[in-house]
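Take a look at the structures listed below.
Heads up, the next two complexes both have subunit A, just with different partners, subunit B and then subunit C.
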Partner chain A sequence: MSDPREVLDRLSSVRGLRGSALVSAADGLVVADSLMTGVDGRALAALAASLAIRLRRTVEAAGRRPPAFLQLQAAGGAVLAAPCGPDLVLVAIATTEANVGLARLEMLEAARRLG
Partner chain B sequence: MRSVEPWVAAPLETFLAESSARLTLLMTASGQVIAQHGFTRSLDVMTAAALGAGIVASTEALAQMIDAPRFVSLVHQGARQHVFLSGFETPRGRWIGLVVFDGESTTGLVQLFFDRLVQELAAAAPPAAPAPRALPQDFEKDLDQSLRALFGR
Partner chain C sequence: MADDIRAMTAQLAADPASLVFLELGEALRQRGQLDAAYKVARTGLARYPDLARAHDLCARILCDRREPDRAFEEWVTALELDPGLAAAHKGLGFLYYQAGDLASAERHLELAASGDPADSGVRAALERVRSRQPMAEAGAVPAPEAGSIGPAEAAGVPAAEGGPAPPADAAPELDGREPGGIERSVVAELEQGTGALLLVDANGLRLGGRLRAPDGADVSDPVAALLAGASREAARTARLLALGEWTHLAVECPDAHLVLAATKEGGVLLALRGPDAPMGRLARFAERAAVVAARWLEAAG
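== the complex of A and B ==
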């Protein structure tokens, strides 16, 4: 497993991302983060982990495989999440200026390195 | 959800809806119950209040022993159910929250929404009226009134 801080710093440097965090899926607690000032990492971790867990349960209940990537689009940007193995979730906050395609590729690569 | 203090109800309802907690107990530092959700028997709620207040008192004594400030919260992680216990200041003195949650919630969610509950309670608390003198002969009557408020009987 790569150094989480190094991976998160690289991910957070993608244009339009306001930061990223590695979250314990079961607890909703921050494991490591690289977030801009003003982003509440604790709230992000708790809510994103809850969302990821519930979505995974929903998809599994529908007889499908667990999702590899989540994109929650809002008016002012998006919340992106990618599972890193069974225990961790990688979460990022994107502004409307972000290249979500590039962010997705970077997140999947980061999740592979951290998982 | 039942509450001895009516102004506690709205913030607690919000907390319950957002955190998906199974059981919640708000009490004073001495273990007097202010509000409860999820308990069906008065004996259970009184036992939980006494145990919760005892645990918080024990952790505060431990903190003193190691010259540390008070612990903010304590999480006991079980196989299926978990317990979150936290002491906090209110305009009505120091209170304790005891929350039992399962796989429908997480430690992070409970901590996050509990912090908001503490803020909302501070904002909702009416100005304190002078407390009536507690008399030993009124103890049983006060306890009965609290139990009626908490269990509706």
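== the complex of A and C ==
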């Protein structure tokens, strides 16, 4: 497993990302983060982890395999999440200017390294 | 035929790499043993993912199972692998006809006819599509009645009663014309419940459409109940992180792509496609479908 801090710093350097965090899937607590000033890391972690768990249950009820990537798109930006194994979730918050496609690729690679 | 199936089954068991799965799957499909046919086709596809004929077989079975969206994707994949595969053009011609898109139906049937000039069924179907087209363009006739068309037989797929709905996302967007196309296809999915679109209210109750698991089981109600919670969680997350109203939620699974789009009064629309469906396009489709669904719901009262 790579150094989480290093991975998060690299991820947060993607244009348009306001920060990223590695979160415990079970309780939504921050394991490590790299966030811009003004981003509430604890809220991001708790909310994104809760959303990821709900969506996992939903897709499993649909007979599908667990999600590899999630994107919550809103008018003012997006929340991105990529599970890293069963216990951790990598989350990021993006502005509307972010290149979500690039962020997705970086997150999937980061999740692979952290998982 | 039962003996043939037994023989082919034995052959496949002895040599799992054999292409006999194509014939076995088709034989099972023709006997109406759709679950068995689908298993044979998927197993073959797992071994030969780049075999266009395997995707065509899968599409025929899905068509019989009234899953036109997934059939559409399989036929599109088949044509990506083999652009000249007449059977796939026949199948798409059938689906476009069912969707009322006569121009696209004609184009695919023409390609099918040029790929297999000896197929008299395709030529007959093509003539019937052409004969209806001037009337349809003039508004003199409605969209074709389900089950009334030759292309179904020509394609080797059934002219299903009630008609399989059109492939919801692809038909209008691939062609970039026929502005009413997406509306018709979404309404058809909501009313006929073809298994890939589900509209749910804020209390987790199904309002329209249906969702099917890969084994064909109807999972609409349990998924609807969970979707309401997911929708509330999405709204809460967006609000508390000061991101404003959420518009859609894209979920990428290894075996499926799903997009949830917010609808009025806390409801949610779920669109499901295969993992090859471009996520950006699916998100656009889901957002547009949510608008259509809201109108449909208002009209339904």
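The working rule: the second predicted complex is superposed on the first by the 115 of 115 C-alpha atoms of A that agree within 3 Å, B and C clash if a C-alpha of one lies under 4 Å from a C-alpha of the other, contacts with A are read in each partner's own complex, and residues count from 1 in each chain.
Following the convention adopted for this analysis, a contact is a pair of C-beta atoms (placed from the backbone, for glycine too) under 8 Å apart; a residue touches a chain by one contact, two chains touch by 3 or more.
Bear in mind that the values here come from a model prediction, so they are computed numbers and not experimental data.
In the three-chain model built by superposing on subunit A, subunit B fits alongside subunit C with no clash.
Look at A:Gly77: by the touch rule set out above, it reaches subunit C but stays clear of subunit B. Judged by the touch definition given at the top, the superposed model places A:Ser50 against both subunit B and subunit C. In the superposition on chain A, A:Thr58 makes contact with subunit C only, while subunit B stays out of contact range.
Of the two partner chains placed by superposition, only subunit B is touched by A:Arg42; subunit C is not.
By the touch criterion defined above, A:Asp27 lies against subunit B but remains apart from subunit C after alignment on the C-alpha atoms of chain A.
Of note, the Cα-centre angle with subunit A at its vertex and subunit B and subunit C at its ends comes out at 110 degrees, rounded to the nearest 10. For subunit A, the partner touching the most residues, choosing from subunit B and subunit C, is C. The superposed arrangement places subunit B and subunit C with a least CA-CA distance of 9 Å. When the two complexes are laid over each other on chain A, subunit A has residues 43, 47, 50 in contact with both subunit B and subunit C. Interface residues of subunit B facing subunit A in the complex, by the touch rule stated above, are 105-109, 111-112. Only residues 211, 213-215, 217, 219, 222-223, 226-227, 229-230, 233-234, 236-238, 240-256, 258, 272, 283 of subunit C touch subunit A when the two sit together in their complex.
Contact residues of subunit A toward subunit C in the complex are 40, 43-44, 47-48, 50-51, 54-55, 57-59, 61-79, 93. Residues of subunit A that touch subunit B in their complex: 23-24, 26-29, 42-43, 45-47, 49-50, 53.
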